[in-house]
Amino acid sequence: MSPNRLEAFSDGVFAIAATLLILNVVEPSGPLDQGLLHIWPSYVAYAVSFVTIGVIWINHHMVVAQIARVDRLFLLVNVIFLMLIAFIPFPTHLLAEHITSEGAQAAALSYGITLTATAIMFNVMWQYAAQGGRLLRENASARVVKGITRSYLPGPFIYLVATIAALVSPQLSAVLYAGIALFYVLESSVFGGRA
Amino acid sequence: MSPNRLEAFSDGVFAIAATLLILNVVEPSGPLDQGLLHIWPSYVAYAVSFVTIGVIWINHHMVVAQIARVDRLFLLVNVIFLMLIAFIPFPTHLLAEHITSEGAQAAALSYGITLTATAIMFNVMWQYAAQGGRLLRENASARVVKGITRSYLPGPFIYLVATIAALVSPQLSAVLYAGIALFYVLESSVFGGRA
Amino acid sequence: MSPNRLEAFSDGVFAIAATLLILNVVEPSGPLDQGLLHIWPSYVAYAVSFVTIGVIWINHHMVVAQIARVDRLFLLVNVIFLMLIAFIPFPTHLLAEHITSEGAQAAALSYGITLTATAIMFNVMWQYAAQGGRLLRENASARVVKGITRSYLPGPFIYLVATIAALVSPQLSAVLYAGIALFYVLESSVFGGRA
Amino acid sequence: MSPNRLEAFSDGVFAIAATLLILNVVEPSGPLDQGLLHIWPSYVAYAVSFVTIGVIWINHHMVVAQIARVDRLFLLVNVIFLMLIAFIPFPTHLLAEHITSEGAQAAALSYGITLTATAIMFNVMWQYAAQGGRLLRENASARVVKGITRSYLPGPFIYLVATIAALVSPQLSAVLYAGIALFYVLESSVFGGRA
């Protein structure tokens, strides 16, 4: 079984989860000119989550590019992974609504737990495909496979640290989430054209 | 006519129906930290329905992999099948909202009826394609086709039993729905890599 | 330019418009068991519009199967056609909400105008592609092309009649909309496997 | 890495952003027959934004048709571009709600800023791909590439002018947004079949 249809379904979930984020940006009450400035956390949350989902999509892309076939268990692991991706709009909404008020900690924790779980599941998915070359292409380069493994491993730890930071300061935690997304953007800009 | 575009449309509906489930997880009123724990049925309902839709998607995948062409009637049966898939978010919402309160029975029944109808329609779709090899690939193995037929037949009965259980206890019914989804996950984990 | 990407975008809009219809089915107020029966117009409206969009999707499928290339104007006509498809959830909501109360006429008219415009635009799209074989495949059979032209031409008139019926009775109009969808289902069942 | 999956994800976001626009068209309060006429700005806003997204999709189509490969930075630029596309439903909603009342200026500005940023990002994306032929197909015609560059450059300036017009009159600004969309439709109709 080829990974083509896996891509179609996955790209669909990625695209919808990212696009649904706009439903979290809602019209402010009161005068519109001040209100539109006042809801800036909504814009930041929208941008951070959109870019984060986009970066995960790019990485998913790279995983699928290395595999030649999928099996039932891989499809299922992928479904559970996508379940976490599609969940991201909910904590994004919470974080945007509560970052400057009560409930900031619970919101920051929910965002961090979701992203940490997503990063863990991403590693599970890749490890399952790569271990012993189970689902890899015949001509997958050992160097590239090792490189991918190395580049994904830190993800869960980075998000875990940002999550735990919410216990000290939810705002710090939110800055870290934004920083992680920004890091991925800058990394691509500075080191350029690696795919 | 090749089944390619059937897949594109079907994968779209599967992906959107699954991703829209997140709209059922809504911010709780009251303090956020307690509220987020209090709405646990929303999370369970989200996970169960997402995995259920994911498993049906995997099975749909397997059906389409066996067929070489589609005809107008098959397309229409598929549309009606997708109509049931896209309906799933509604009873999922009802079940999450009402499982611990009044209305639990009506919610559990609506969930069960939807899933039973989906399972029946899935069998109709497969039977139409497979009967006399109507739409099958030339080289479709008789053994595989029989195996698929056998593995899909119990679906309607299993969901019917879980639906009827709602007449005794809606909570039992909900546990059965979750159990069916969990069974599919475990089955894939234990028996592994069959696709 | 090949019509592949046209299909991807079109299938996306078809799938999303159909799946968004479920957002029109909302939890009833009051006791759930009676309420779920009481909102039966929502279910009918959901089913009729889903099947209608599905049938239009099948027909769009058949058009694209006949064409070899697309030009900028065809893409634009297709965008305007999809704009009407994506509009369908709105009058569907109106019809489901108002069919048994005041506002039934306005709702039935809005549904009919939308579907009539969609049917007209579908013919415009097909005529543009087919006239003088402008965008058709080299080997498109003249007989098939004529058959398609003939089968699409009545669409606008049928929907126009059902729309005008709303001036006499909105309920009659709604029955006609459902009847048209049912006709397409039965036609495929009775005359079977033509694609 | 081929641009296929980039297309799948992009087409998904385009299709969803366009289709979500219908959620901005909401049932009016009061008698339905008058109400449905009264919300005409919703219909216009829906049509203008749908066609605008459709035209950008067609242009995106033309860019991808010229490129042979994508790199990580291009994927990221594309993600940020899509982030702006997916944002369009929000200012569309604001414009439809406020064009005839207070807040019209803020709404028209937010719409214009979004579209100007989208047009800038589109040029950044194309320049990155085209500069020195970085990602272009071997056989990309220099004349076509220059033509594309020339046709995209005015976009940001046109939208900037329409945005600044909102400082004088938000209604004028809205008319200009509609005029730009209409221009693209007419241009394709008059000069016809260029793709």
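In order of appearance the chains are A, B, C and D, and numbering begins at 1 in each one.
In this section, a contact is a pair of C-beta atoms (placed from the backbone, for glycine too) under 8 Å apart; a residue touches a chain by one contact, two chains touch by 3 or more.
Only a predicted model underlies this, so the values are computations on that prediction, with no experimental measurement involved.
S.K.: Between 0 and 180 degrees, and as a multiple of 5, what angle does the rotation take that fits subunit A onto subunit D by Cα atoms?
M.R.: An angle of 90 degrees brings one copy onto the other.
S.K.: Count the residue numbers both subunit B and subunit C use at their shared interface, divide by all numbers used there, and answer same if that is over half, different if under half.
M.R.: Counting which numbers both chains contribute, under half are shared, so the two copies meet through different residues.
S.K.: Can you give the whole-Å distance between the Cα centres of subunit C and subunit D?
M.R.: About 26 Å, centre to centre.
S.K.: Measure off the straight-line distance from the CA centroid of subunit A to the CA centroid of subunit C, and report it in whole Å.
M.R.: Measuring from centre to centre gives 36 Å for this pair.
S.K.: If you look at subunit D, which of its residues touch at least two other chains?
M.R.: Residues 8, 12, 16, 20, 23 of subunit D touch two or more partner chains.
S.K.: Quick one: in the complex, what on subunit C touches subunit B?
M.R.: Against subunit B, the touching part of subunit C is residues 7-8, 11-12, 14-16, 18-23, 25, 27, 31-33, 35-36, 46-47, 50-51, 54-55, 57-58, 61, 64-65, 184-185, 188-189, 192-195.
S.K.: Give every residue of subunit B touching subunit C within the complex, in rising order.
M.R.: It is residues 1, 5, 8-9, 12-13, 16-17, 20, 23, 69-76, 79-80, 82-83, 86-87, 89-90, 93-94, 97-98, 102-103, 105-107, 110, 134 of subunit B that touch subunit C.
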